[in-house]
Amino acid sequence: MGEPVIAVRGLGACAGAARILEDVSFDVEAGEVVTLFGPSGAGKTTIAMAVAGLSRPGVTVTGEITAPARVGYLPQDGPGTLNPARRIGRALGELVALRHPKQAKAERRARVAEVLRAVAFDEDPDGILRRYPHQFSGGQRTRLALAQILATEPGAIVLDEPATGLDTLARAAVTDRLAALAGTGVAILLVTHDPVVVERMDSRALHVHDGTAGPMDPPARRPVVRLRESTPSGGEALARLENVSVRYGRTAALHDVSLAVSGGETVGIVGASGAGKSTIARCFAGLVRPARGVALADGVPLLPLRKRNAAQLAAVQYVWQEAASSFDPRRTVCAQVAATGIRLRGLGSRDAKAEALDLLAELGLTAAQANRYPPGLSGGQLRRAALARALLARPRILVCDEVTTGLDHPLSARILDHIDGYRERTGAAVLQISHDLRTLLGRADRIVALDHGRVVETTTPRALLSGAATGLTGLLEADHLGDPS
Amino acid sequence: GGGTSIDTFSAVFKGSGADEGIDPGVGHLFIDEARNKALYDGLFEVDDTMRPVPRLAESGEPNADGTRWRIKLRDARWHDGKKVVAADVLYTLARVLGPAGPQPFIAASTLEAVDLTQSRAVDDRTVEIALSRPSFEFLTALSAYGTRIVQDGAKDFDHPVGTGPFRFASFQRGKQLVATAYEDYWDGKPAIARLRILSADTDARLTALRGGQADFADDLTPAAATTLRGSGGVTVNSTPNSGIYYFAMKTDRPPFDNPDVRRALMRMADRDELVKVALQGQGEAANDVFGKGFEYYADDLPQHTYDPDEAKALLRKAGAENLTIDLFTAPAASGFVEAAHLFAEQAAKSGVTINVRVGSGDTYYSEALTSGQLTMGQSGPLPIPNHFGSRLLTGSPQNRTDWKDPEFDALYGQALATSSAGERAALYHRMHEILYDRGGFLFWGNASWNSAASSDYRNIPAGVPNALDWARFDKVSR
Amino acid sequence: MTVPTRFVLRRLVLGAGQVLILLALVFGLSLLLPGDAADVQNSDLFSARQRAETRQLLGLDVSPLTRFLTWLGHAVTGDFGTSYASGEPVSAVIAEPFAVTAVLAGLTTVLLIPVAGWAGFAAGLRPGSARDRVLTAVSVLFDSIPDFVLAVLLVAAVALGLGWFPATSLGVDLPMMLEEPGYLVLPLTVMVARVAAPLVRLVRAGVIDVCAQPYIEQARRLGVGRVSLLLRHIAPNALGPAMQELGRTGDGLLSGVLIVEAVFVLPGVASALIDAIGDRDQPVILAIVLITGVVAIAVNVVIDLLGQLMTPRGAWA
Amino acid sequence: MVAIPVLVAVFGPAFEALAPKERQVPFGPSTWSPFGTDRLGRDVLAAALDGGHTLLLVTALTVLCAYVIGFSAGMAAAVAPRRWLEDLLMRPLDVLLCLPSLLIIMVAAVRSNGSAVAIAAAVGLALIAPIARFVRMAARDVVHGPVMDALRMQGESRRYRYGRYAVRELARPIAADVGVRIGAAVYFLASANFLGLGFDTTSTDWAVAVAANKDGLAIAPWSVLVPGGLIVLLVLGLNLLWDDLLADPRRIATNDAVRAARHG
């Protein structure tokens, strides 16, 4: 073997007095895939950024890193790397041209289509090319951000959670593609918390834990799906969509979707990236106005967000898919979480703060972390803070858009336990949007599958596992769930 | 004189945009006058003491009672070669006394006494003008604004044909007049072959002169004059008694209907300080009578002095203590607002509160004519009889002090009808005494008029504005 | 695309209304000034009777509303009436001012965009650097020196001191000016300095903000060339606010250029307007405001259109 | 840098009281300070000491009021969910934008007898439209971003969302803009005076002084340079100060970390 493409020696990092990383060393050779695997807040992003040659505000990095001058880097907040003012086709075309300046237009177009296919955009490339980033779903944007990197064909890539928000099929496609890329001699450093990715990539995994990185045993056995004893309440549906259709300009995102969640029930929503899951959530949150149909809470039509009063706001809470970008960067996380309590429940600021800190602690955030500004927290930490912010309102309807992406298994279990506990205590209706079918199977009372904006299946986990649900077999197989164990 | 000819001479005057014109019957701005002076001639023009001197006329003689004036014309030619004849004079008079266009003829009121039906051409070069009432000051009236002679039958005043030293070439309103030397000018061909009269704002006039884009700049601020004095290659002319600054008390309404209040005000003004500050020292204190340095000026009257205590006493006498007065002013001329505020400070020493009200400079004089108690103004040089006639008679169109005094009116009528100049002077003196004692005008300063020219030239015009020697470029030489 | 067409159409329809309101407002304001054209023309020498005659001859004795509507009716047919002050047709009065201003404004814009763009980017790309400090200081300095001081100093130093350029354009008409561009150098310098100063600061602020965005970092990392990075990636996101400032042409042309016109004796629209206001010459005032208003509103439409195109976040509707 | 003009403005009047009151020769030497006298024969330094507080106060208030209104209008337009609402807000402002500001100021000055309040209001009025357009443009992204929705969902008051969050988020461009507007406000009157549109030129207000004394630029340069210099210092200083204060969020995180380190 030749020289490693990426060599990290004695990497340390500290933020103020806190040590984030300690003596991390590893190599990535050409054609090799190294995954950094570990719990949220362990320091994975810090390592990835260091390798990509980026400094993190407030963090001082020590140690020695050898890496090629040009490393393709996908930050954890992938969508943020898309220029909002440029059409995707143009943006990718430009990057392709960087690599092949003399290419003819047609060839270039073909190359762009190829890159898009690599990140699992199969259909209608023309329509896609003309769109601006804000016209895509969260997962689609992450993939587009990845596509930008692939378009430049770098010799080394650092990817921070590329599979966030990807459905299992897309995830499979993307990981396969990355594996193939490694086959062409590209060195890949991958950050993930997702054991499936680790496994599929056939990579060398490093376990990042408390700021240290060590070799890892083959990924832990994925937990066996344990089905929840479903207790269908059968009562009046608390949250309901009636024949809802949503359009974004000329793109139709939902067609005639009906859906009901009763109090005390968890309904999981699954579907390919771009299927319309977030749009459903946004209907409840009052962020989009259905072109047809209504969203109801307690039988009463939901108003657009800006028209809701405090009680109505508190009743329906939504956890953003891109949690990090829903925080005001200039105000401490704790204050932002507490604000919910102050505004929606009329708590005093001291009480609200205490309650916020308690809740955050329960979700695994220390007081010190909570008192930082958002840029000082890891992606997973912010996601939990976003959940806390919603929970503090004591909502009757909680809509979670991929709250557990980017969280390692024990932590996500803890989060979901908390949500379950809350649901049971208060009889709230919970809508869980997730790509993590495995987890969802164990948590949801019912699962709604979406495809191209239509409900294709509404089923229970049990029925699903028993193979009765045909619409989801693809997703199931991609997650190796096809064969019930 | 006599030297080489001057190719092009550019003189820059204070411009006024679309207002400007070259119709000699209506133009009333200084720049209009400068242009008219280049293109036309009047029968008479006034000299620096405001005494009429013959120009296109050779002489003017009244009959015994001053009701008919016989005027002999000079042997002069129009720019188109025609001779100047009596009919031209009669046509000019008929024009300015006839129906006006959108812009009135200025001389309509000064020449109001002319009786056209009785006037006639005696021969080609003699004209007899009849007046409806006697006036031995008629020649002064004939030298006023708007009286320059136009050709008989002239209609097109956009392409003027005059008798003046320069021949019209082109005119752009608000920008420039170009004129060329008229070889057959009766007073000799000008040395300047091509004369440009340009209009520009105050600062631009200074800049243009300093930058060599203009050879002559008129109406410079005191500061500009000071600046230029310090720089070489430029000669600054400062003509005294060229602008008379005043406060005008409306004598027909309280508190100024009481002569003692007027007397008090005359003692409330520290004229020296006003001149020093408002006129930046470039002028002299005035003495509440108009026309220092002009014919008939009463210069034997003792100077009114600043005496706050005396003013207070007078006010007490008038029962007008703790007086509050509105002083209406506007940035209509340089130094107005400054003078108003300064005067307010000075008056405060006599216990009088003066509220300075600042109006719009564009319409100030029209507004000030009728409104307010105390207004201010500046007057260009004007023959003293004209000053009396246009501002101080009961029916005067410009009666800024609403001065209505039968004794005064009678004296004026008597003066006009008096053929002896000495006796007239005595009557005017009487009138001055009245005004000095209890008139409505508080004349506080006689400003100098600053103009400057490149030192390359000689015989640069430097008369008081409105007078013969002001803005006369036909004698300029190298 | 059909949607922007609709946007433009609707804005143009609204624009017609805006111009109408603008004209009405300006007319109303001009009435609020004391006196009228007859009063202004009245010098120290006219009597009240003469003024009344003048008023009648100018048609000032009819009600202002009638005057306004009559003017408007004629203006629609392209006839702007007759100037009160000079008695000439308004179109003749304003032709040269507009030509001068068009040249001045056109050249300024041509120079402004590269100057302000360059300086704004140069400063914004390296905030805190010496270059930035200098550029910021210079632009703030230009912004805080009154234009007339700048103009007068420039004239004193460059024209009178060094004699490089003529100090004023006194008595020079437009064709001559174009033949001998020396006349335009100083006025343009002042204009560009004045207008560019605030723009530089807005561009700089925009650039700094945009450069901190992850998509710019990413583009840079992916090896996008400098030029493309500036023009295609940073500029569209950073220039919005600065363009809004550019959109102030309406008032800018009318009042901002005034100083330059006055100092350098350039007979442009601004001086023409001020003269007309001074003369209470309403036909001329209205004609000037009509034309500049149309231009300004059109420019605003274009700028809003560009703004939408450059940052396509909101939907057309 | 800001300190000098502010100190002069605040403490100036006290020192100014020591200056001789009688008028000297305009644009001449002065008995009291080396800067000579101004157009009115007052000591230049004394006038400058006296004129700061009005300028500071009037400009600050004018820009503040214009900003409050312009900001609200621009922000409301940026937020407006309906096109017609936005048009309702912005189109009248476009008209205002085309309105010759000098005409407004002239009318205000003449109609109010030169009252400072009326003139300041006119200047403010002239500032509103550009501010509103600017704010609308700058705010469009911010008000439609997820943070704004999140704050809304938290029930944060409108005042907090727009008054605090949006302002903070827009602080940098707004600061740049405020600087521009202050410059504009200060010199509106000065320019108007330069052109002889004329108001009361006897006040000692720095901006007015610059205009009133411009005649003397060649013979008594200090009469323009002292008040002018103070204004330049003020505007320049404010801008540089803002630049330092308005760090980006990442800087805040850094400072935060440094603080944390210091405390243990």
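When the chains are written out, they are named A, B, C and D in that same order, and each has its own residue count from 1.
Just so it is clear, contacts are C-beta pairs under 8 Å (C-beta built on N, C-alpha and C of every residue); 3 or more make two chains touch, one makes a residue touch a chain.
All figures in this text were calculated on a predicted structure; none of them were measured in a lab.
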{"item": "Shared chain contacts [chain B and chain D, defined touch]", "value": "C"}
{"item": "A-C against A-D, pair bridged by the larger set of C-beta contacts", "value": "A-D"}
{"item": "Whole-Å separation of chain centres (CA-atom averages), chain A against chain C", "value": "50"}
{"item": "Centroid distance [mean C-alpha coordinates] between chain D and chain A, Å", "value": "46"}
{"item": "Distance between chain centroids, defined by C-alpha means - chain A, chain B (Å)", "value": "88"}
{"item": "Centre-to-centre distance between chain D and chain C (centres being mean Cα positions), rounded to whole Å", "value": "21"}
{"item": "Interface hub residues of chain A, defined as touching at least two other chains", "value": "84"}
{"item": "Junction residues of chain B, two or more chains touched", "value": "201, 203, 359-361"}
{"item": "Touching two or more other chains - residue numbers and ranges from chain C", "value": "33-34, 152, 262, 311, 313"}
{"item": "All pairs of touching chains, each written as two labels joined by a dash", "value": "A-C, A-D, B-C, B-D, C-D"}
{"item": "Residues of chain A defined as touching chain C within the complex", "value": "52, 54, 70-73, 75, 77, 80-86, 90, 94-95, 98, 132, 134, 145, 148-149, 152, 154, 248-249"}
{"item": "Residues of chain D that touch chain A when the two form their complex", "value": "81, 141, 145-147, 149-157, 165, 168-169, 249-254, 256-261, 264"}
{"item": "Complex interface listing, chain C residues touching chain D", "value": "14, 17-18, 21-22, 25-26, 29-30, 32-34, 127, 136-137, 140-141, 143-149, 152, 156, 198, 201-202, 204-206, 208-209, 212, 240-241, 243-245, 247-248, 250-251, 254-255, 258-259, 262, 273-274, 277, 289, 292-293, 296-297, 300, 307, 311, 313-314, 317"}
{"item": "Chain C-touching residues of chain B, taken from the complex the two chains share", "value": "10, 12, 16-21, 28-29, 100-104, 106, 108-109, 145-146, 172-176, 196, 198, 200-201, 203-204, 207-208, 210-211, 213-214, 359-363, 365-367, 369, 379-380, 390, 397-398"}
{"item": "Of all residues in chain C, those that touch chain A in their complex", "value": "213-219, 221-225, 228, 232-233, 236-237, 310-313, 315"}
